[in-house]
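Chain IDs A, B, C and D follow the sequence of writing; residue 1 opens each chain.
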Amino acid sequence: MSVGGFWAMGGYARYVWPCFILAALVFAWNLWAARRYHAAARLRARRTLAMAASEKR
Amino acid sequence: MWTWFYKLASPPHVYSLAATFAPWFLGLAALLLGYGVVDGLAFAPPDYQQGDAFRIIYVHAPGAWMSTFIYTTMAVAGAIGLIWRIKVGHAVAAACAPIGASFTVLALATGSLWGKPMWGTYWAWDPRLTSELILLFLYVGVMSLRSAFEDAARGDRAAALLAIVGVVNVPIIHYSVVWWNSLHQGATVAKLGKPSMDAAMLWPLLSMFLGFMLFFGGVLCLRLQGEVLNRERQSNWVRQALKS
Amino acid sequence: MNSVDNGLGVEKVHVWRGDLHVLRGVSLQVTPGELVHVAGPNGTGKSTLLRVITGLLHPEQGTVTWCSRAIDRFRAEYQAQLTYLSHEPALKGDLTALENLRFAVGLKRQVAPAELREALGHTGVAHCADLPARVLSAGQRRRVAMARVLAMRASLWLLDEPFANLDAQGSELVSELLRSHVLQGGLAVIVAHHELRIECPLRRLELHA
Amino acid sequence: MSVGPVEVFLLVMRRELRLSFRRPEQLLQPLVFFLIVTTLFPLGLNLQLSLLRDMSPGVLWVAALLSSLLSLDALFKSDADDGTLEQLALSGQGLVLIVTAKTCAHWLVTGAALVLVAPLVAIALNIPSVAFATMMVSLAMGTLTLSWLGAIGAGLTVGLRRSNVLLSLIVLPLAMPLLIFGAAATDRAISQISPAGALYFLAALCVFTCTLAPFAVTAALRITLE
């Protein structure tokens, strides 16, 4: 596979590369969304505990 | 003997389990995906019919498989939560939905991109792509139903029931769409994919499948921690968990 | 405190509403011929406790037993022996009072219209029998609902604020119906804000925040 | 003394039908909606009659689906709002039986009415009368299946405020197979090919849904009544 030919993907570059880019985007979004969701959950949990603690006093 | 299974139902145990397994899953997934992409794109021979366009299969096929697999996982987890009232079941189901929806979108987009060179249009109502689209509607239905309830526990149970009803209907929808498609096309037009695969093409595909599955496992563990925390905010184990 | 063998038992029931720990380990035993008055400030889970006892709401922890059998095992049979009156009088506006009673009580037992008219007479709304429920006043609707409770002939009465929207005469009537029900060996769990002056075995369950 | 299942079924049916006929205008609204939607398509497409014939099965079935969905939201909502749904659940009779009676009564009042109006619409859509029989049979089965699928959606969304859109979002994906087989049956009847294949599939779908849906609806109501 000559290097030039590799990028051309046998003339189908317009379809093959976007697919792989899209896959990378979906993977990245999943990771980022999961991390953000976990951080938000920790924040909310911390706030609930703080509220519960102040309620007891 | 059953203690490990019984412990799976206890949120703090699942929380720490998810935290330890996530990096392993993601690390392994990265390796397999790396190999699969490189081998699939650079070294696997082109298909004699479709040329290099067939390489899209390395992303489309695993994505399509994952979309159905995750929906089924979501329905099973929801059923466990609904029948045995195990909160972790609902947490897993809630974590599965967005991941499954994202893979469905990936399968749809790569499917239509693959369709362009084959049929000249991005959307030719191919039976598999049409069922994939309806599956996306099912995902959106489950997610919007879950978020429509203020009380998370009720939202979980309603979404679990809808997922169970949905998973029963997925095969019915698929085969009725295939039947509908055969009505108009008559003779089967070159359906999407299924090029004859020799071994060199198959290994990268297999590693992509495994990579997708492990990646799903890893992201599920990450999301599961958030879901478990949301449902267990009042219990005291959360205080230690927040410290780490 | 073993569970009551022929009455209602509630053991350490916990219920959460989202973040709110509404019921914290509530326990209650009711034997036939006894009235329990559930009291306490607003939002302490009085209505929630009643819904748990009806079997509609499944508590996260704790059990409800009837004749020392957990109600989940024989839910339909258990619910056939109770009648529940919530804040809503549960009447269809488009149906007449008599029709409402006929369709509600008719599900539980064969009942003749004459008997239903008699029940309506008992609660002082016999004249509204053939009027659509939507034209009745709140007090009259309450009385029709009480007529339904009477006509059900259930052994366990679960009434949520039965005295709401009732004038003095209405409250007197409800107290009288409760008294005769309990003295005939029935059970009753009542949620009410004001003091109950009913001459029958009465116990108070105080729910606090 | 106690009440048998048949009496419970008939009692609830009588209750539902009496309630529906106390407000007859609410029965007409879905039918008028059905007529309006089917007149929209030809206006929107302004095509010759022959082409209209190819489109007509699809148009008729989509309109039937949408108008049936319209009336499904109210299946449990009015009972939930005035507290009678709780009383039904606490009646000591199987909720499955009561739900079956309610849904059948609802279908009689909406689905069956739709089937009777369908020939009127079919004429407007230039469907030949030879196809009327198949169309009405397939519509009857289709609307019954949809009533059950819609009952599941209604049971799940009865406690929510603006649940009409959510109900459609949940039910329509599940209703696509019956649209496929229903429209195909009508289409074949028009072009004088035997519609048996599609009708069998539709019948299978109808029986499958009618046997499993009652339990799903009961479970859905148990969730919202908590």
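Quick notes on this structure:
To be clear about the criterion, contacts are C-beta pairs under 8 Å (C-beta built on N, C-alpha and C of every residue); 3 or more make two chains touch, one makes a residue touch a chain.
Owing to the predicted nature of the structure, the values given are computational and were not obtained by experimental measurement.
For chain pairs A-B and B-C, the one joined by more C-beta pairs in contact is A-B.
Separation between the centroids of subunit A and subunit B, computed from CA atoms only, is 15 Å. In whole angstrom, the spacing between the mean C-alpha positions of subunit A and subunit D is 41.
Separation between the centroids of subunit B and subunit C, computed from CA atoms only, is 48 Å.
If you average the Cα atoms of subunit A and of subunit C, the two centres end up 53 Å apart. Shared interface positions of subunit C, i.e. residues touching 2 or more other chains, are given as 19, 58.
Residue positions 48 of subunit A each touch two or more of the other chains. The set of subunit D residues touching two or more other chains comprises 226. This structure has the following touching chain pairs: A-B, B-C, B-D, C-D.
On the subunit D side of its complex with subunit B, the touching residues are 152, 156-157, 159-160, 163, 166, 169-170, 172-174, 176-177, 180-181, 184, 201, 205, 208, 212, 216, 219-220, 223-224, 226.
Against subunit B, the residues of subunit A that register as touching in their complex are 1, 6, 9-12, 15-16, 18-20, 22-23, 26-27, 29-31, 33-35, 37-42, 44-46, 48-49, 52.
Looking at the complex, you find that subunit D touches subunit C at residues 1-3, 7-8, 11-12, 14-15, 18-19, 22-23, 78-79, 82-84, 86-94, 98, 225-226.
Considering their complex, residues 26, 33, 37, 41-43, 46, 51-53, 55-56, 59-60, 63, 98-99, 102-103, 105-106, 109-110, 113-114, 116-117, 215, 219, 222-223, 225-227, 229-230, 232-234, 238-239, 242 of subunit B touch subunit A. Residue ranges of subunit B in contact with subunit C, taken from their complex: 85, 150-153, 233-234.
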